[in-house]
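Same chain, two partners: chain A is paired with chain B first, then with chain C.
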Partner chain A sequence: MILLRLLTMPYVRKHKLRTVLTIAGIALGVVIFVGMRTANDSVMYGFQQTVDRLAGKTHLQVSAGETGFPEEVLEKVQAVAEVDVAVPVIEAIVQTGIAGQGNLLLLGVDMTGDRSLREYDFEAGEEAVIDDPLVFLAQPDSIMITRDFATQNKLSTGDKLKLETIAGPKQFTIRGIMKPGGMASAFGGNLAVMDIYAAQFIFGRGRSFDRIDLTIKPDYTLEQGRLALEKALGGGLQVDSPSSRGKQFESIASIFSVGASLNSLFALLIGLFIIYNTFSIAVTQRRSEIGVLRSLGATRGQIRTLFLMESAALGLVGSLTGIFFGLLLARGMAQYLSSFFGELYGVTQRVEEISADPRVLGLAMFVGVFMSMLAAWVPARAASEVDPVKALHKGAYESFSDHESRMRLWAALTMCAVAAACWFGGGSRGVPLYAGYLSVIVAAVLLTPAAVRSLVAALRPFLRWVLPVEGALAADSLMQAPRRTSATVGAVMLSLSLVIGLGGVSTASYVSLIDWMNNVLNPDLFVGTSEQIAERSYRFPASFGDEIRKMDVVSEVQNVRTARVQFKGVPVMVVATDIAAVGRRVKPKVVAGERLEMNRLSAEGKGVILADNVALMTRTKLGDIVEIPSPGGIIRLPVVGVTIDYSDQKGAILMDRKVFIQYWQDDSVNLFRVYLKKGVGPEEGKKAVLQRFGGERKLFVMTNQQLRDYALKVTDQFFGLTYMQIFVAVLVAILGIVNSLTVSITDRRRELGVLQAVGGLRRQVRQAVWMEALSIGLVSVILGLALGAVMLFYYLGIIREEVAGIRLDYTYPVKIALILIPTMMAVALSAALGPAESAVRSSLVEALEYE
Partner chain B sequence: MIQLDNVTKEFDGKRKVVALDAVTLHIPKGEMVSMIGPSGSGKSTLLNLIGGLDKPSRGEIRIDGQQMSAVSDDDLTRMRRDKIGFIFQFFNLLPTLSCLENVALPLHLRGWSRKKAEERGRELLDLVQLGKRVEHLPEELSGGERQRVAIARALSVYPPILLADEPTGNLDSSTGADILKLINDLHQRLEATILIVTHDMGVAESCQRTIRLRDGKVVEDIRR
Partner chain C sequence: MSRVAVLLFASVGAVCAQDARQVMNEVQNRSKSNSQRYEGWLKVIDNKSKISEKRWTYDRLGSAGESKVVLRFTAPAEVKGVALLIVNHPERASDQWMWTPSLQRDRRIAFQDRSTRFFGTDFSFEDLEERDVNQYDYKMLGEEAVGGAPCWKIESRAKKTKSSQYSHVHLWVDKARYVFLRIESFKGDTLIRRIHYSDYQKIQNIWTPLSLEVEDVARKSKTVLKTEKLEYNVAMKEEMFTLQALRRE
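For the complex of A and B:
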């Protein structure tokens, strides 16, 4: 401790900028880790909180995914001996149209029985209305809202509230206001309750319920109740606890969680490099000090402990700083993610607050300190091994010994061999895939010093040609200090490789998506219930399709019903449509099977067509019999074809509409694919549909181009992560290069002093520093782009085999690479401005005396 | 050639230190002068001020009649580049550059072509008898050889003024004598004005003139 006070504190005081940069390096990793995890957790927590608050005393819930089921199921459930109370529920999002209020979560319940499960705590004087459910039922425009919502919108009992229904906007009368807390705080208080039959009407649900909430009699366990219900209902309906809905949501959003984890891991790894860099430099600069300490009797252990304690202290400060800014980042990101998940997956959730999980914060703290100590371990060990006699011999330590270089090379080759063995030994999935991926990263890190040296040596003649003195000095400075240079280059390289990897995935995704849209999305218009195409709260009656069909401008209408169901543990989308009609119009890319035959068989209800990603993720092949849960029982049909389909990120099962209607007893429609007559333009057709139905129905019409734009917009949002990663790469580059140059200038103070003493102008000194920075930038970009090519290969494998089952063609993101080159060079140059100025402004006399 | 009028140099720290106290001095063209005095007497400070590496707190320095305080930093560098050569006690060669590159460095900084600069570099290395060591790195040379390279570098543009700070201070006596002989030889052949800071009385006495400093003041000025 005394060494820490006597030696570390003065060093820290003297090198404030570097200390700040080191802390920033640690903080950067922790910020990304905390920010992304907390934002993700907050969205999940927000969803779970809504579920929990609405669940009340519910023990189990009966559902058919999100499709709903016929009313008759309720009687079957109520007839099960183990069931105490069972009540039907419709839960959906309704647009209020009130500025700043967004959506309202609407719960349709049967007031006669629901109060046995949920507590409705009304404000004084209003109990009477609810106490007699018949009063409520007798007035189908009745609605109850929360105190929060009422206050925000200056509403009170008896006031009217306009809501969008499937039959257009309707006025509802507020009959009760729920006190804050408990159920009324679900969905941030934006909650309304109405009679279930009214809800069926406004959402176009026909005679079906979304789910049944129930309690089990005290004499039975939940498991007994669940088994009894499953037996009574058959396999088509799910019986789960309310909390399992959270798990389903997590499963739906898993691709984002994997991305967030990958990003966090990389951010921490990059932080590790920055810390390693700083401590390597610190050991180099304090060699004489260490030599003196060793000659005065300090043991190797004491020296090692001194550096490790320093790293732990910096790690602690960096972690705390990172947690603070990470929570700020999470606050901004959570809202973005919440609306994005709603748009992409159509899931009801709302982030009310940031859910800062103490375990995540604790882990961040531990990881920050641990990473810091881990990164400092090698420099600390090197410090403890300093020979006191050689300690004053400047420069020798900065190079790698031949032995160390050989060891690195062998280790790198071993890692490459591991990666190759993983790949050829079935490493296209699972643990071998990740092991191969990590081996490649480790190999790249180990090879960085040798690669930097070779590249800088190759660059030297060119730099000398550009500016003979400045160029040579810049290249020599980098080659003289491979530890310093390669740590900075390594950090920037990793960061850029991630940008290329993610950029490659996004580029390939756009290419595949556009290709799919060209093949499949060819209707002129899409008529849905909402501008969010994935939103499935409202449904049209099938008869509405007939009305559209009758229009003069319309040539053909195809009904589409989409619903998410659990298939082999994956929440996939069932897409039910008239396959014969659709098959005549679209030609999807076929992966397995024959197009016309698969269309014929599925149109006859003799099979289903799987999206390639569902087939891949669930290991299902052509000809396999699949089991799809439905309210009418388990559907068992063969897979008659596998096609490329991006209707849903988790994958789609295409079936004929009559199969769906048969098993779900539901002929409602989410979306109409409308083909216009020849000569009718899309805008003209859209206008005609809106003019004809706009006033009487809630509907949203998109032209083909608008739908494509929408799909690309959602994809843009999804890959927003890539842009964030570019930002991180830029930050890392700035931190790394500033750090590296600051030390380089300190180390070369005398050299730069000599340069000026023998006639070097300030401009020339500046140019030498700039060229050094540009060389770091260039070498980092070259290595980053090369490693990125390998990263992309693995990312495509992870996405294909582990996350989404989507096969994306390997397409190197040339455009992103072309943007990165000048960006990183500009970043390198701007990072060099401060250090270059400090180089020319320092005292020449002191520089010449500097040792 | 070199004119100092009431030059004072103070260092501001926790305690103000007067390194030079109103020194007035004239060194005519072609004179070889040694400067002696105990540590802290102000010898190196005086050399740095004349070389334009540092600026006086008060007073005026003129080189060839040009007032040093009146020029910008870059002009000062140009003046140093054209008129002054430095020889340091610790040689201050750039470790990654070869002997030839070190000697040619000031010429490259002046914008000379590589060919021309290297020709001059070889010529100078021949002059200091290191013609066969052109491609060697400084670490491959002995102390005396390094100082010869440093001298060759100082002479790269044949400057009219050569400033040497303890040029033999880091060498054994035999090598030191060789270097001194070389400097004397160059003085005679090139007719440069040479100012040598030294602790070595032998070196001091080999010069035409010796200035003794104590506590930042000139206390003795002997011409031989």
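For the complex of A and C:
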């Protein structure tokens, strides 16, 4: 503590800016880590909380993925001896159309039995609504809302509420207001309850239920109940606890979560470099003080502990700052993520509160402090090993010794060998893939000082050519202090490599997506139930397709039904359509099988076509017999083809519509693919469809171009991470370069003072600092773009083999690279403005007296 | 045996049995009819004296736990046309379906918690089930007058094979007419419901209460049921008691 007070506090007081930058480095990593994790967790937590609040006393739920199942299943469930109470449920999201209110979670229940499972706590005087379900049930416009929703919208019992139904907008009568809390707080209080049969009508569900909630008799265990139900229902229906719905949602959104985790971990890694940089500099600058202390009897352990304690303290402050701003970031991101998940996965969630998981915050705190101490470990060890005699030799320590350089080179080569061994020996998935990825990063970090020295040496003639004196000064400064420079360059390099990696993934995704859209999405119009194409709450009756078909402007209509089911533990999308008709119009890219044959077989109901990513993720090959759960039992059909398909991020199983109708007993439709007659323009066709049906049905018509734009917009949102990472890279660059230059200028105060004393102009000093910053920026960009090329290779592998099964071509993101170069140069230059001014404005006398 | 049904439609006969089970058998026998039709009028008075009313027509075919019932609501306007089909079984809970004309849908009523109140009245669904006397054990508790009429006070408990929300029920049977005058249902020592029967008239040789009042002791609410135009042994066809028939009318 004495050393901390004697050595650290004066240093901190003297270098306030650098201390702040160091804390900012830690905080930056923690902000991203906490912000992204908490936002993601909050959406998941919001979903789980809604599930829990709606579940009431429910022990188990019977479902068929999200497809629903015929009403008759209810009687089968109720007949199971172990079942106590079983009630049907329809759950869907509706747009309120009320400004600022967004979505309303609508629960369709059977009031005659539902109260056995759920607590409907009504406001005084309105108990008759629930106690006399006859009135409620007899009038299909009956709806109950929560007190929160009623208050926000100035609604009361007897008032009308307009909701979208499949048959167009309809007025509902509020016949009950639920007290706040418990079930009424589900979905942030934006909850409405109505009769299940009215809900069937509203959402076009025919005679099907979404799920059955049930309790098991006290004499039986849940497992006994589950087994009895599975036996009674066959394998096509899932019997799970309510909490498993949360897990399914997590599984659906896993690709995004993996990206968020990767991003946040990388941010922490970059923070580590900033801290390393700062402490390396601190050790360098305080070598003389350390030498004095060592001469006075301070032990090596004390010196090491001093630096580690210093880093722990900074880590603590940085972590706390990061947690605070991370939670603020999460608050802003959570709502965005929530609506984004709705667009991407068709699973809308309302996030009312931030779920600050103490474990995440604790982990962030631990990681922040640990990273800080880890980053300071090498400088601390170096500080403890300072030879008191050599301590006053300024600058000697800023370069690497030959031994250290050799060790670094050998270690880097070993890491490269490990990466190669992982790739060629261990295969391209699982642990070897990640081990190879980490080995490449470590190798790059180890090679950074050597690469910086070589690149700066190569740049020196160019710098001299641009500005002879200033250029030479800048290059020499960088070459003389590789330790100072390489940490900054390393941090920026890593950050940029992530941008290139993610940018490459997004570029390749766009290329593949556009290619797929050109091959498959060729109808003139798409008629759906919502502007969110992934939304599946509402469904059309099949007969509506016939009505569209009769229109003069229409040439052909193809019915499409999509629904998510569990296949080999993956929540994939079943796409049921008239394959013969679709096959005549589209030519998807075939990965396995023959196009005409796969169309023929699947159209005859003799097989299914798998999206390539499903095949990859579930290790399913052409000819394999797949088992798809359905309410009518397990469908066992061979895989007759594998094609590239991006209908859903988790992958799609394409089957003929008649197979779906046979097993699901459901002929409703999500989407109509409409081909117009020759000479009819898409806008003209859209207008005709809307004029004909707009007033009587809830429908949304997109032209081909609009659907493509929509798909690209959602993809843009998904890759929003890339843009966030660019922002992080910019921040890292600013922090690192300002830090490096500040130290560089401090170290060279005497040198710069002498330069001015012998006639050097302030302009020259300023430009020398600028050149140094631009050099750091350029070297960082060169190394970052190069490492990014390798990172992209690994990211594509991780996406293909571990995350999504999507086979993306390697396409270097040239455009992003071209944007990064001037951006980073501008950032470097702007980061140098402050330090440069500080250099030219310092007192010449003080500068000459320095040291 | 449905307590309500028995109490509504019990007939009187001269039987001298003193044994509790014999008394109960006689109550069931004297109330027996092959079919029944009436118009019902029901008034629910809640604990804040708020009153709601409903009217319906009632048709029953069969008796003693194996009957079928169609109940059609005629008032108020918001429930008019809603119909219930109840199929009673001797050994298990009844099956019930509801027809909602505004939706043009029938539904199987999902109640499985038999203590649930019957559509806002003070009856529970269990109270409305037809049960055979053999599903209960009886014990003669003594004699006690109700409204000046001498009665046997009998305790009934559901047999172990039969589940019930009540632990036991006290029945007051009029000695002269073999009809119920009062029923009190308990959960442990707590009185849950009390039913009073009144306005007995002999219709087609069956003593029938034209009015009864159910009191939910905990909720402090009561339901008054009155019957009009009551007939027994009316000619009815089985086809009237099907889902198709429910949808037709």
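Following the convention adopted for this analysis, the second predicted complex is superposed on the first by the 849 of 851 C-alpha atoms of A that agree within 3 Å, B and C clash if a C-alpha of one lies under 4 Å from a C-alpha of the other, contacts with A are read in each partner's own complex, and residues count from 1 in each chain.
We take it that a residue touches a chain if its C-beta (ideal position, glycine included) is under 8 Å from a C-beta of that chain, and two chains touch if they have at least 3 such contacts.
Computed from a predicted model, the values in this text were never measured in an experiment.
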item: Which of chain B and chain C A:Pro588 touches, first, second, both or neither; value: neither
item: Touching partner for A:Gln756 - first (chain B), second (chain C), both, neither; value: first
item: Which superposed partner A:Gly318 touches (first chain B, second chain C, both, neither); value: neither
item: First, second, both or neither for A:Ala472, with chain B first and chain C second; value: first
item: Chain B versus chain C as contact partner of A:Gly545, first or second or both or neither; value: neither
item: Chain A residues contacted in one complex by chain B, in the other by chain C; value: none
item: In the complex, chain A residues that touch chain C; value: 74-75, 78, 84-88, 110, 112-116, 125, 127-128, 131-135, 137-140, 197-198, 201
item: Parts of chain B lying in touch with chain A, wherever the complex brings them together; value: 48, 51, 53-54, 73-74, 77-78, 80-82, 86, 88, 92-97, 101, 105-106, 108-110, 114, 117, 153-154, 156
item: Touching residues (chain side chain C, partner chain A) in the complex; value: 46, 48, 50, 52, 54, 73, 78-79, 81-82, 98, 100, 102-103, 105, 107-113, 116-117, 119-120
item: For the chain A and chain B complex, residues of the former touching the latter; value: 395, 468-469, 472-473, 476-477, 479-480, 750-751, 753-764, 843-845, 848
